[in-house]
Structures are given as structure tokens and as C-alpha cells.
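What follows is a group of structures, each given as C-alpha cells.
Each of the next two complexes has chain A plus one other chain: chain B in the first, chain C in the second.
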Partner chain A sequence: MNHQKISKEFLKDKEYASWHDKALWYVREKRDQATKVLGEYEDLREEAKRIKEHTIEHLGYYLEEFEKNATKNGIKIHYAKDSYEHNKIAYQIIKDANAKKVVKSKSMLTEECGLNHYLENLGIEVIDTDLGERIVQLRGEAPTHIVLPAIHLKKEQIAKLFEEKLGAKKGKSDPKYLTNLARESLREKFLEADVAMTGVNFAISQSGSIVVCTNEGNADLGVSLAKVHIASMGIEKVIPTISDLGVFTRLLARSATGQAITTYTSHFNAPQKGKEFHIIIVDNGRSKIIKDKTHKNSLHCIRCGACLNTCPIYRRSGGKSYSYTIPGPIGSILANTKDNKNQADLAFASTLCGSCTDVCPVKIDIHSQLLSFRKEYISSHESWYKKIFYKLLYKILSNQRLYTIFLKLYYHLYPLIKYIGWGEGRDIPKPAKKSFKEIYRSRYEK
Partner chain B sequence: MKKVGLFIPCYIDTIYPNVAEATYKLLTDLGFDVEYPLDQSCCGQPFLNSGYEDEAKSLAKKFIDLFSKYEYIVAPSASCVSTIKNRYKDLIDDDRVSKIEKSIFEICEFLHDEVRLESIDVSFPYRVGFHQSCHGLRELNLGVSSELSKPYYSKARSLLELVKDIKIVDLKRADECCGFGGTFSIKEPEISIQMGKDRIEDHLSSNAEYIVGYDSSCLMHMQGIIDHDKLKIKTAHIVEILSGMIK
Partner chain C sequence: MRSKDLIFKNLNSKKPTKKPIVAIKDTRYENRVETFLQNLKKSGANGYEIKHSLIEDKIQKLYPDAKNIASIYEFGIKTIDPNTLNTPHELKDIDLAIIKAEFGVAENGAVYINEKNNLHQAIYTISKNLIILLDKKSILDNMHQAYEKISSFRQSNTLFISGPSKTADIEQTLVIGAHGAKSVCVLLISDNESLKLIYN
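Our next item is the complex of A and B:
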């Protein structure tokens, strides 16, 4: 399935598609309000970009520094070159702790690595504790948004799910009731868990500590109760100093949900007494992106989701249409930087309107990057008849005599445009009787 | 008399000669010596945006050969101007590109920044929804997009405000994309059309009688939907109003 086909299905339920668009636009509007009250918002974006550029430029240094300081704090650092190694290391830690039950707070990296599936196959129970992620996990789905994993579901759908899985009362879709029910069932899971896994929003090289931002406090609860904490982070998550962190925490929640700051900004500095703390630092293709000049700055992404919320395509096609762990404009870039390009068509899932670029808190030139992948797509994926169409169009547009003949024909043949995919629901533009060239020649030429 | 090279993008030449004529008229009325090189065709944007870089390169070279001699190049299409101003430098290695980047203007930008138009003797007694096409807004900085925390301005809107008797209505989404996107409109027609419908609906529910913009491609896409659904709203390019060609 490609993006166009899935989107077409998505749009068939007009009421639902419109609801999805409006729900996300609401988040975009909240983001606008939260960013515009700060006089210095554009300066913050510039500063964040500068910090990220500097860090990626000296990534080796900052990672080593981070490892050194974290180790001093008593944290055990592991490196994984790909998702398989990451999962293997995580499993080994779980096995060494004789653990069977894992609670996990939100981590797009573990989604990227397919960790849940891997561990479940080895007999480990993995429970996602972020409410949205728990909902999609109970449905056997993947998150459709990086910050709002269950944004594609209406409360009635969640009520039905909870009725089946958590014994909720029939037809009761009051969000407060449903949240409390999820909370009760999760509380048991927290108490039973031997290992808590978290993602990492920022890893501070200077202090050797990590920061996890959540709104539910589920990372803190998991880590406080379990005897082992495993945190997974991509190599790009490191930032130099604690004062740099201030720039990013001010940008992250404002961009993501329009909050000034997430409810919990948890600093994990060292293992608790008698407990273990592991950090797995994962490459999984990232060092390859660093070498790619055009797409290097896609690694600046802080996973705020603002480009998803603002994207008029994402809002009208849903997270599933991207067929990739990270959907939306930034996901389309990341999918295209992978070796295995099943999602090459995502380079075209954009009108290049540039709203993603303007909304990005770390100023990634998202829409220009999407454009850059299109050339590659043509050489590997374009159908022969489309290639002929474009070659023919080129011939016409680069030769005045052909162009003049073409215009005469075009006046009669324009309805054929429907065969290049003009679609239903939009009339084909009718050419004028006389082109401007003709008018100019007869009326204005000196 | 200052000389202006008039660039009329291929689809405007073919489908909207009235927009080209309005631009020509506006510029000559303002006292410019307007030259329209007849050998021109396409800036290469449709090819570049579809991934056909070689074809785009060749058309870019033709454009530069034809237009680099002018002190000013003016065109009534923001996305074509943006292609030339922002994308040519990565596309071709030619010293003349940097000169062209400085001499090319989208028509509103030209009237606002170079001509510094302060009054205009035309009337347009209608309720108008102003469509801010994306490439003009976010790549040419014709205005400040709603995403940014910068003091608001809009060059095109301030020109429209010079028109007598016009009423510019407020929209719910001031600068959401209409969904045309050139190659996007045929790669993903379903979303493209839905976006267009949503945009038009915003104008309709704001009681606009006209959707006015500075990019005929967006207007063409929305007009296609308006015609198909037989909606009670019209589209017009800003130059058609500024030149007094439609009243």
C-alpha cells in the first residue's frame, strides 16, 4: 500500500476525516498561542538550531563525554549499532535481572526497533504505560502520532476497547471514567514490573544524566518502582550542557501541545540505591545520515510532532498512511534516509507548502528535504508512461514551434488531462481561446 | 524609463492570458518599459518538483539566457519566482544565477518594494477572501506566516487594501495550503481536492464573494472545484483587480 491509496480510504469517511483534521488543527492553534506569548520565540528556535548543529558536528566528543560522566554516576552505558543489537542488549539486561515483566514509558526509538514484538516473542510481558500508547497496544496497533499515539481514535472507540479489554461499563465514553479505569489497571502493572524502560528526550553530556518529558508521570512511577531502569536513546539525543536543556524544554512542549512545559521534566542522574540503571545508545542508520550533507539536519528533530499537527496532508490522511514508525513530514524524511525504501513515495506526500519548515522548533528545512528525495524516486520508482509524459512535456516546453502547435491541439485535447490523474471532483482547467503570446503579438508587440 | 522583462509562466500564457495582460497593463501604466521575450516558456518548476532535474536544469538555463540581461524581471506567479530565486542556485552552476536572484520579483513584491505603490485608482466593491499561496508566503516572504512569531505584514494584502470599496473578510485558517502543489495534485488527487474544498469552505463561510490570490495555480485548482461543485464564489488574481480589469 502506498500513501495515496491509504489516504483515499481514510478520506472516504468524510465526517471522521474532518474530525481528525480539526482535532489536530486545534493542537496547532494551541501551539501558536503558546509560542506567540514569548517575545523571544524565534531567537529560541535559532539558538536550538545552533546547539544541534554544533553537537552533531562534534557528536563523537559529546557522546564520549556523556559516557564518561554517566559511568561516573554509576550508569551502565551500552552501544547498539542497529535495532537488532538494541533489542538483544535490552533482552540480556532483562534476562540477567530474572525479569518477566517490563513497563515502558513512551519511546519512539523502541517503536523504531520493534522492541515490544521482539521481547514478547521471548516470553517477556511489555506494557506501555503512556495512556495513548496503552490504548494502541491494547488494539494491537502502532502509534499514529509521535506525541499523541491514539489521536486517530474517538472516545467512543476507546470506550468499546476498554469494555472488551478492561471491563468498562457498556457505552460509557466519559474520558474521565475511561482514564481512571486505565490508570487502575496500569497501577497493577507498575507494581508487578521488574524492569522499567523509558525513552530519552535529552542526554546531557556535561552531567551524564538524561531527561525524560512526560505529561503523565509514568516514566517516574515506572523507574521508581522497578529494580532495573533501561533507557534507550538515539545517538543524536545528546546535548552539551544543562543550560542548553533550558532552550529545548521551552521549545518542546510549546511546539508539541501548546503547553509552556510538560507536566513532568524528569532528570535521571544515577541509579537508585541497590538498583541498576542502563542506557542503550543506538545508531540504527543515524551516522549514515550525518554523512549526508542534505539530510544531516533531520537529526536535529526533537520529536515534538508540530510538523504533523500543521501538515494539511497528515491531518487528512492519518498516521497510518505513512506506513512508517514516524509519520508526517519528518517521518517522510526519516523513512527516505533508510536503506530499505518501501516508502519512497512519501517524498510526494507533500504540497511543499512549507508550513512544517516554519513550525519546526529546531528549524529543519523539512519541505526542501522532501523535494530533494524526488529525483531519486524518479530513477527507481517512476512508471514508464509517466516518464514519457514528462519527457514529452519537456520537448514541448523547450521548443517554441512545438509549443505553438501544442497550444492549438491543447485547446481541443485538454479534457485528456483526466488521464494523468486529475481526479474526481475537480473540473479540468480550460485553456483560453488565445494565449497571451498571441494576444501580445497582435496587440502590444512593438 | 526603467526596463522590465516580463515573465509569463507557461500555464498563465495558456489558461490565464487575462492575468498576463493585466500584469503587462499594470506595469506599462506605471511607466515601465515592459519587454516580453517571446521565446520564453517554463521556469522548470513542474520538472524540478516532480524529480526531473535534468529537464529542470535545461529549462533553467534557457530562462537565464533569455532574462539575465534585464534590470528587473517581474512575474505574476509566486511559485515560479520562488523556483528561480530559491532553487536555481542548487540546480545549476552559473554566475548569472546570483544576479537573477536579485533582479526577479513577484508582481506584488515588485509593486510593494520597488514601485512603493501608495495609492491606486480602482474600485472593487466586493467581499474578498485573501488566499496567501504558500510559496509566496513562506519562500518569498511576501508576508509573515501564521506559524512564525514575527510582526505581521503582508505585501499583497496591503496592496489590496489600497483598492477602493473592497472588504477583505477574516478567514478561520489564514494561510492553510489549498492543496494544489503542482505534481501533488495528480499524485494524490483525493487529498488535493479535499484540501481545496476545505479552503473554499472557509471563504464561503466567511461570506466572501471572491477568492483573491497572487498565484493562478492555486486559483486554478480551487476554480476547478468551484466549477465542479457549482459553488457561489469566484476566483481572481490580484493583478486583475489592481489593474481594474475586473470590476
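Our next item is the complex of A and C:
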């Protein structure tokens, strides 16, 4: 199992692993503070869930309305059935604009599509402008978190990178200095860019607009300078009305970073005067999930990252241990809905503690879904001896007499069980010599 | 088959009969101005209540070193009108931009920017510093009220701004001044008649 193997490597450096764990827990704690101050927070989650359920149920209608209204505003809408088509469309727009330089703000969808690589092979320079994404881009890595792309790096590593790539002073790892250096170097890129690409947080059916939320201002700066704006969105990003934004803007930043709202919440409603505005609407396996009753609500995800920050496995294994663009609990579901043969190990990257479900702002039953993938996997892939073992275990655990006998056996076999793998990486409880019942009887029923 | 048809094959295109509504009892604030100022501070911005006639004074006190000041409005101080520039790129050396907000939101300190006469949206993020003029009486409780008030988008690009641009992408350390403004000051104008008169 891939995830396990990579996690083991990750955990070798105990100090680093503990630092990573704490860094994410800190974000989780900020989320708790920001949600507690709103008495109506639970109602908001419920409302968000209902809006998403309703929209996905009628997605054809809302998407069609979105297209109609966006087109009316002068936006050009494109549909892409898969990642290849998305990349092809993006390239065509860039080529038609005679452009060579693209600045891009954060978009997990373009990561999913492998857009950077595709465009670079065709001679287009793509610059990721979100600081975290720029850092991982300069290192030739992929983001390890959907909101905090460079969460796996220590500032000393970033200082070294900037020393090589941006001419930073040697050994200066002050985040303020490094951020400012990136600002200056990226400012030039912004001013040179012909095309600005962005992701989409919400697409509003009623008005044909898209909403992009950032803290850095990179989406706004890019779009307001470049002649062409290309926004990429999955089909599930649509919400019905402008007033629905009231619900989602209150949930997103509080869940993501513990802010009351992101610094910039930008509504792109029409092309600016003399400019072009394109939106590429991408399926890439999403419409298929709608037919899947158990997993379709994974499409409600608003990519806040709260489930990553809270997950005891993610915090202790890092984004690189997940073999899918989106790591963490929600990523494990999305990976499995796409391809449950090669990604099955991710369904096991969970303690099933349910913390992800508890913090999810749109109330996706994340841990139950992971469990259901395990069931699917075990019924079709598990080795014969484990299947027999599970059946046996079921018999024992559902029969009191067998269970009592088993406990006795367990006491004697404990030293052995420890060595066949069950005690690896976890404490297998040491059995007591006498059960509670036995002690009770010996004391009170003489 | 066209890609659109392939995608829509799996989707329900029927018009929904009705949308579910949960009545949310949203938090209201006794003193919206005070809450707004508190949350503004949390977002990294500063806020001041002042009389309209003192705007120029305040600007000069806050940013005595600002050389290139841009605004589509006229003040008693020397400013550049961005609308006279051909490209937004010419705004790259602006130290300070003075803009106007439609309204503020108490729960998060955000202000809504919807300037119909501004040709270059870049001014909101390219300027090193921002002064945002806001009618003190325009502060709403929360984002529900905000979007109710907006009701439809009439400009190509409108936005909420909550404090200066920021990032915590390096070891979770908050750094103010990522790509957009490095500082934001909101001036709450207490005698709003003149504000409406001049800036519309």
C-alpha cells in the first residue's frame, strides 16, 4: 500500500513530523475559534448542505442558466469533458491571443488537469502566483495541501530555494523578507502577463458570474492587468443565487484559515472593457459521480481544507503520501470515486474517527464514505486468508460464548500476536488476566 | 457527441419546483460601527471616524511620504486620475489610492467596492496603500444582508476587501503585503451628506 509506505518515510524524522502535525493543528484551532463566535454556525452548515444538495440534484438546469446568463454578460463559455480537452481549450485561447506568458492564481482543477506541464511543453510560460504555489512550482513539486500548498516546507528550505532562484541573501529565512522578495519578483510577472488564469470558488447561476476568494490579491491583480481572463471550474461549482453567497462566504474562510472572510472576495461578472473573459467548465469524471448515490455528496466540497487540518492521518503523513491531486480525507474520496482500483489504499488512510465529518462546512459524511470504499475494496480485492479471518472474527464477536473463549486464548496468544504485524505502529491492548465479570463474581457472588 | 451534451447526459435539466430554505437566525450587533472597527483591526486594517472636511488632513497625516496618489475623485491634494491613463500598467508606481466603498460589513470588517466610474480595477491591488472612504451609516450586520443589498451585479468586477493583502504560506507566519496593498485605512465619514454629493 502506497500511502503507508510513504507515510513511514515521512515519520522517520520525528521532529519534522511533529512540527507538521502542530502546524496543521494550529489552523484547526483557529477554525474552531472563528466558528464558535457565530451562534448560527450549525444552521449555516445545514443551509449550505441543502443548497448544494439541491443544486447537484438539478445541476443540468443551473448549469444551463449559468451559461445563458454568463453569455449575456459577454463571457465565453467552453465545456470540457476531460482534463485533456480542458488543456486544449486553454491553449487555444492563449494561442488565439498571441500570448506567451500566463499568470495563474490558485486552482486545484488545473492541478488535476496537469495544465502547467501541458502548456509548458507547448512553449507557454505559466507562473503560479499564490506564494505557496509559487514555492512548490519553483521546487518542481505539487501542492501538498489545497489551501496551504507549501505547508510541508520549513522556512530554511524556502530560504535556500529563494537564494538559488530569486537571489535571496544567504541564510536569511525571515518569512517577511522572503514574502517581500517573492512579491517583487512576481510583480514583474504580473506586469508582463498576457493572460490571467484563475480557479472558481463559486459560480452563480442567477447572474452568470464567478466568485474567486484569495488572501493575497493575486487573482485580482492578474485579471485586472491581463487582456484575457480564463477561469477553470468543475461542473459542481454552481450555486443558484447571489443570496446563497451570503451562506458560503461566511463558511469558507472560517473553515479554511479561521478568518471571518478572505481578504478579497471578487465577483467577476463580465469582461472588463476591451478585454476577453473565458470560462472553461470541466467534467473530468464528475457527472458520473452524480449517479452514485453513496458518494455524490462528495461533489458538495468547497475546498476549504478543514478536513485535512483536523485529520490525524494527514497531519502525521503529509500531503505527499496521498497519490491524488487533492490530499487528505476529501481527496481520498475523490480519488476513489474516480479510480477505485489504484487508489484503494487511500480509503485506509483514516482512523475513521469522524473529525473530518464534524468540521466539514457542507456536512459531507466523509468518514462514512471512506468506510464504504473499504467495504467495496474488501469484497472485491482482499486476499482469501484475510477474508476468512474477517469471517471468523465476525462469528466470534457476535457470539458471547465464543468471545469469552477467544479472550482467554487472546491472553495466552498476546505475545505472539504482537509479532505478526497487528502491533506494528499501534499499541495492541494488553489483555487482563481476569475479565471484569470474573473479578465481579469472585468479589460479590461468593 | 459534443462535450456539452456528453456532460449533460448525466445531469437533470428540469427546472426545480422550489428551493429549500432554512431560516437562519443571524447574529445582529448592538453597535455595528464598533464591531466593524474591531473586525477591521483583526483583518490588519486601521479605521478612523472623521468628518468629511478633514479627509485631506487625515490622508496627509497617515501617509506623509506618499508621492503618487491616485483617485478618480478630486481632493484638495494632488492626485492622478487613473481614468486618464491608457493602461492599468501605468499605475504600477502608485503609492496610495483613495477609493470609495458602497457599504461595510460588521461581522468581518469587509467593505464592498463597486465603483461604476473606475476604468482600471487594477488600482485596488496594484497600489501600495489603500484609503477607503466609507459612509459610517452604511455598515450592515453580516454577509446575508450584504448580498441582499447587492441583489445584482452591474459592474464587470466588484469585490469585498477585508484588510491588506496577506499570506501565511511560509510556516504559517502571517505576513502583511502579499500581492495587493500593504496597508489599508478605512475612513468612516460621519457626515455622509457631502460624501454622497461629491462621490457619485
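The definition used in the following text is that the second predicted complex is superposed on the first by the 381 of 446 C-alpha atoms of A that agree within 3 Å, B and C clash if a C-alpha of one lies under 4 Å from a C-alpha of the other, contacts with A are read in each partner's own complex, and residues count from 1 in each chain.
The working rule: a contact is a pair of C-beta atoms (placed from the backbone, for glycine too) under 8 Å apart; a residue touches a chain by one contact, two chains touch by 3 or more.
Just so you know, these numbers come straight off a predicted model, no measurement behind them.
Chemist: Looking only at contacts as defined up top, I'd like to know whether chain B or chain C touches more of chain A.
Modeler: C
Chemist: Looking at A:V103, would you say it contacts chain B, chain C, both, or neither? Reply first, second, both or neither.
Modeler: neither
Chemist: Would you sort A:L38 into first (chain B), second (chain C), both or neither based on which partner it touches?
Modeler: A:L38 sits against chain B and chain C alike.
Chemist: Classify the contacts of A:L371 with the two partner chains as first (chain B alone), second (chain C alone), both, or neither.
Modeler: It touches chain B, and chain C stays clear.
Chemist: Output check: A:I239 vs chain B and chain C. Expected answer is one of first, second, both, neither. What do you get?
Modeler: neither
Chemist: Quick check on the output: what are the common chain A residues between the chain B footprint and the chain C footprint?
Modeler: In chain A, positions 38-39 sit in both the chain B and chain C interfaces.
Chemist: Under the touch definition given earlier, write down the residues of chain C that touch chain A in their complex.
Modeler: Touch list, chain C to chain A: 2-4, 6-16, 19-20, 22, 24-27, 39, 42-43, 88-89, 92, 105, 107-110, 119-122, 124-126, 142-148, 150-153, 155-173, 175, 177-181.
Chemist: Enumerate the contact residues on chain A facing chain C in the complex.
Modeler: The contact residues of chain A facing chain C are 23, 26-27, 38-40, 43-44, 46-47, 50-51, 53-54, 57-61, 63-64, 79-81, 85, 129-132, 135, 148-151, 153-155, 158, 175-176, 178-180, 183, 186-187, 190-191, 207, 209, 215-218, 220-221, 223-225, 235, 240-243, 245-247, 249-250, 257, 259-273, 281, 283, 287-288, 290-291.
Chemist: With touch defined as at the start, can you tell me which chain A residues reach chain B in the complex?
Modeler: Touching chain B from chain A are residues 3-4, 7-8, 11, 17, 21, 25, 32, 35-36, 38-39, 41-42, 310, 312-313, 316-317, 345, 347-355, 357-359, 371, 374-378, 382, 390-391, 393-394, 397-398, 400, 403, 407, 410, 420-432, 434-441, 444.
Chemist: For a test of understanding, state which residues of chain B touch chain A in their complex under the given definition.
Modeler: Touch list, chain B to chain A: 8, 10-18, 20-21, 24, 36, 38-39, 41-42, 46-53, 55, 58-59, 62, 134-135, 137-139, 145-150, 173, 175-177, 179-198, 220-221, 223-225, 227-229.
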